[in-house]
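Look for chain A in each of the two complexes below; its partner is chain B in the first and chain C in the second.
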Partner chain A sequence: MSFEKNFPKWWQTIKISWSNYTAYRMNFFLQIIGPALVFFFVKYNLWSSIYDGDAHMTIKGYNLDQMITYHIWSMIVGLVAQGMSALNLAEDIRMGRISSYLIYPIDFWEYHTAGFIAFETLQLFISALTITVIAVFGFLPDITFTSLIFGFTYCVYVSLFWFILQYLTGIIGFWLEETWILRVILSILTAFLSGAIIPLELYPEWLVTLLNYTPFPYLTFYPIKMFMGEIGFFPKGYLMLGAWMVILLFLNKWIWKKGIRMYTAAGM
Partner chain B sequence: MSMISTSGLTKNFKSYKKAPGFMGSLRALYKRDYITKTAVNSFDLTIQKGEIVGLLGPNGAGKTTLMKMFTGIIVPSNGDIKIAGYVPAERDKTFRKKIALVMGQKSQLWWDIPAMDSFLLLQKFYEVPDADFKARVEQMSELLDVKDLLHVHVRKLSLGERMKMELMASLLHNPEVIFLDEPTIGLDLVAQENIRQFIKEYHRQNNTTIILTSHYMADVHALCKRLVLILQGKKGFDGPIEEFEQILGREKSVSFSFSESIHDYTDFFENFSPEWNADFTKVDLRIPMEALREISGKVINKFPVIEFNTEKMPIERVMKTLMEKPELALGNSSSGEQTHVL
Partner chain C sequence: MNSVRHYLSIYKKFLATSFSVQLSFRTSFVLLIVMDIFFYVSTLATVDFVYDHVSTIGPWQKEKLMFFISFMLCVDHLHMTLLSESFWVLARQIRTGELDFILLKPVHSIFSIFFRYIRPSSMTNTVVAWGFLFYYGSKVPLSTLSWVLLPLFLILSFMLLAIVEIIISTAMFWMTEGLGINFLRMQIQSLARWPDFVYKVLARRLFTVLMPILLIGSAPVRFLLDLKSWDYVAGMVAAIFVFGFLMFKIWSHALIRYESASS
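Up next is the complex of A and B:
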């Protein structure tokens, strides 16, 4: 289990994943940037009409410009943090496609984690590009180097959380034939509870207090605040998400152990 | 020491019945009728190192389920398996390095990258030293004549070419046991022959233990000395291929063609279950082996024979008969011991 023994496997898997992801470059790029842009413009229109073009109006301390900046950062956080590499696990299980990975002397989770790392690095690259383009057009005036460092580091951590969570929804595929409905519910819940659509300042205080015990605000709201320079290093976020990740990892391990006994390798 | 041994190996699949349509789906939500299907039933098998064994059986007989249990992909419901000293379902990494699985119906190579890139990844997975890796790729690509294709994207290869790559991919780590699940399915005759030759040569050089399933009797005929028949999840035959050919009786199938119709002389053939063509110029006979020489001689002397053949692959006929009438093989197979036939 030594590092020297395992590093070549991981590194080669990461390289292969890069080639796989970029085999259809344009498709990959659009697939990542497309939904993020659409989501952003929906929110842009929503808030523009709420403010009704009034530059002086503020809602809980946000004027229109600040609200738009909030949502630009929300888009960046989504880009960096919300990986999609584990999305097809359930399908792979249902179609019996995971059989190969049960035979190779690399574990299923190792293979997918390496894939996630490959995906995340590409995603970071695309986000950096996006930020540069947006900043060049002058939409992000208050950008600072330290807030970028704090924001990106934390977002990579968040992406790990997302990966572990998506892995979980994927391997539930051992029981459910299709898990997309779970993923849809999860993403809608997250959109509302994490502050991706409405900043958490606009929520009642009791709800925010409650949410602070769940992973949600740590996934979008707090990283946005980091990018906006309102929070620096954020140990509470790291700790809360870390605790949730440990719980999810145990769940993953348990579900995998149960699920693999039920696996029928259909279609092979 | 045996390479593969199973005893009482059983796999049950549980599935639920669902009435068709939307209402059926709704009903299935609160009340499910489960059906348990026994795919493999108390299977005993011992295979020695270096053997090539053909695993035969009709679709749905349990061949693939057996292969899945051998490779540790699925967990048996009952019974024991030991392969190279390991229990497959524990999926120990050392075990996984000792086996290989080739599935003719399923690609294991990455679709969007050249085969060589997949090979490099597998090299790392299996921790194959560079020198060995290079030597094996060199040797196998030479044997299979695919040197020029190593750097072509897998999605652009023909089925035959891809199958060769699949074979190479699974042999890079020099496995001790190879499971070949219909490696020639869907291939043209030449490609089938190439694959067979390659497997034969590979086995000659490495003395690897090989389990092969195929619906093409030519594969089995060319490669396997020993056959194991699985019918309805149970073992129907286990023994040398020559014995299998004779399990329906020690008869040879011979066909004669005549230059003219011999409609009036059919009495002569009555004892040999003749099957005539429409104008009585061709007949297929089943002649007891002891009498083959004598009877054939008589036919040739008495009638205007222009051509005669003995069947090339009797196992094909035997398989067909057993698939139609499984009870012929399963009749009294209660002992569960070696070679129980009829």
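Up next is the complex of A and C:
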């Protein structure tokens, strides 16, 4: 099908998804933005307590200001990169709701990808607003336009990786009753191993060496370093995540093919 | 006495049905165990890594903070086993109107809503959670009286956490979608997972007096570490009574607000 033919249905789906996300604004705030803010609040207090007001103290090269800056960027990376779209996928499968997509002119994958685009657009807007507010209060003195461009571009790429991974955990719902457990395991592992909780410099060296062979540091630690201006364009990160995305895409296709054969359309 | 026996017999049924349901989905059962273990290990390892670079956090050395964290993990373990799932179910029940059938039952609605779903898979992690607590308790080390009082304080802390969370969850009756409230509840838990001295004065006062989540861990652990710090524990017991009373009042008010979507 041509782009002209496809575009209107994608555009409409994106618009509908946008409306769905913003329909319950308080709920959206509590579910998406609230956790990031509270997470930052805890870390701000914790690190202030660790440094105990000593401006000259450094831990693995970080003074208090740099540590706080690290966690501000960690919050922004969390907002932009770690999307929460495709959350109801498993429920859709279990309740037999995906039957409708089988006869729609837009397929299941396209529908959720459109939803992801809407969510990501919303998150980019919220992140830009958050950065502006934080910068106005003087917490991000070394912010540059170039680091913002590198950081945001890479984060959008990371968000695509997250979306493909979450889609995969969702369609495992063909076999598994509860897929939210897989998602929570993934988020616990990622928060711990990606440098979202504390900088990876604080981890034992053997663990950091090992982690560099996994996708984890490329999801949070390196994007933070981009925003902090310590890394520019990062081909290694793009290649590493790109390779994982190709593997995950093949897996998604294979699982969908296998899963749809045993789909019973419950409730039809 | 009869009424206690009646509630216990119902709870026994809740437990039996929860076991049968969870054991029919064995992969989920195993994954839940794995999930909890990952959470425990990552939480403790994070603090351990920080202590590789600093000697104290606030006034506490590594052993004390690790004991605090393992105490909170045990509270969290109780919460995950006995209560957690019910909050997620409540959000759905309010949205779909399924709550009607629960409100009709001749037992207190707080009991039938919040104690209905038990997670047997989390029960199997008791050894892991308590293992950490015993290990770090012996490292501190705790006095004999503290060891004796430890289970009692775990139950009190769990009670306070449950009361605060039930109060927060009543907001679901005012909001059409309760998922966000559950996320708020989880954030409250993450605030309580750190000792009170970590927070600045204003936040500490707010989370000790207005919403006493910092008392959940800090009050009992401070007392267990130093038996002279009884004022914190007195504060926690007072908070359980005051907020317990408030919980019943707010709950009754919230039920009036319930619109019964299915009717």
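One rule holds for everything that comes next: the second predicted complex is superposed on the first by the 265 of 268 C-alpha atoms of A that agree within 3 Å, B and C clash if a C-alpha of one lies under 4 Å from a C-alpha of the other, contacts with A are read in each partner's own complex, and residues count from 1 in each chain.
Methods note: a residue touches a chain if its C-beta (ideal position, glycine included) is under 8 Å from a C-beta of that chain, and two chains touch if they have at least 3 such contacts.
In this text the structure is predicted, and so the values were computed from the model without any measurement.
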{"item": "First (chain B), second (chain C), both or neither touched by A:Val136", "value": "neither"}
{"item": "Partner chain(s) touched by A:Ile106 [first = chain B, second = chain C, both, neither]", "value": "first"}
{"item": "First, second, both or neither for A:Ile185, with chain B first and chain C second", "value": "second"}
{"item": "Touch count on chain A, higher of chain B and chain C", "value": "C"}
{"item": "Contacts of A:Ile260 with chain B and chain C, given as first, second, both or neither", "value": "first"}
{"item": "Which of chain B and chain C A:Asn27 touches, first, second, both or neither", "value": "second"}
{"item": "Partner chain(s) touched by A:Ala55 [first = chain B, second = chain C, both, neither]", "value": "neither"}
{"item": "Chain A residues contacted in one complex by chain B, in the other by chain C", "value": "24"}
{"item": "Touching residues (chain side chain A, partner chain B) in the complex", "value": "5, 8-9, 11-13, 16, 19-20, 23-24, 96, 99-100, 102-106, 260-261, 263-265, 267-268"}
{"item": "Sites on chain B touched by chain A in the complex", "value": "13, 64, 68, 71-75, 91, 93, 96-97, 99-101, 103, 105-106, 108, 110, 112-113, 117-118, 120-127, 181"}
{"item": "Chain A residues within the chain C interface of the complex", "value": "24, 26-31, 34-35, 38-39, 41-42, 45-46, 48-50, 52, 59-60, 175-178, 181-182, 184-185, 188-189, 191-192, 197-198, 202-204"}
{"item": "Residues of chain C defined as touching chain A within the complex", "value": "25, 27-28, 31-32, 34-35, 38-39, 42, 45-46, 49-50, 52-54, 57-58, 175-177, 179-181, 183-184, 186-187, 190-191, 194, 197-200, 203"}
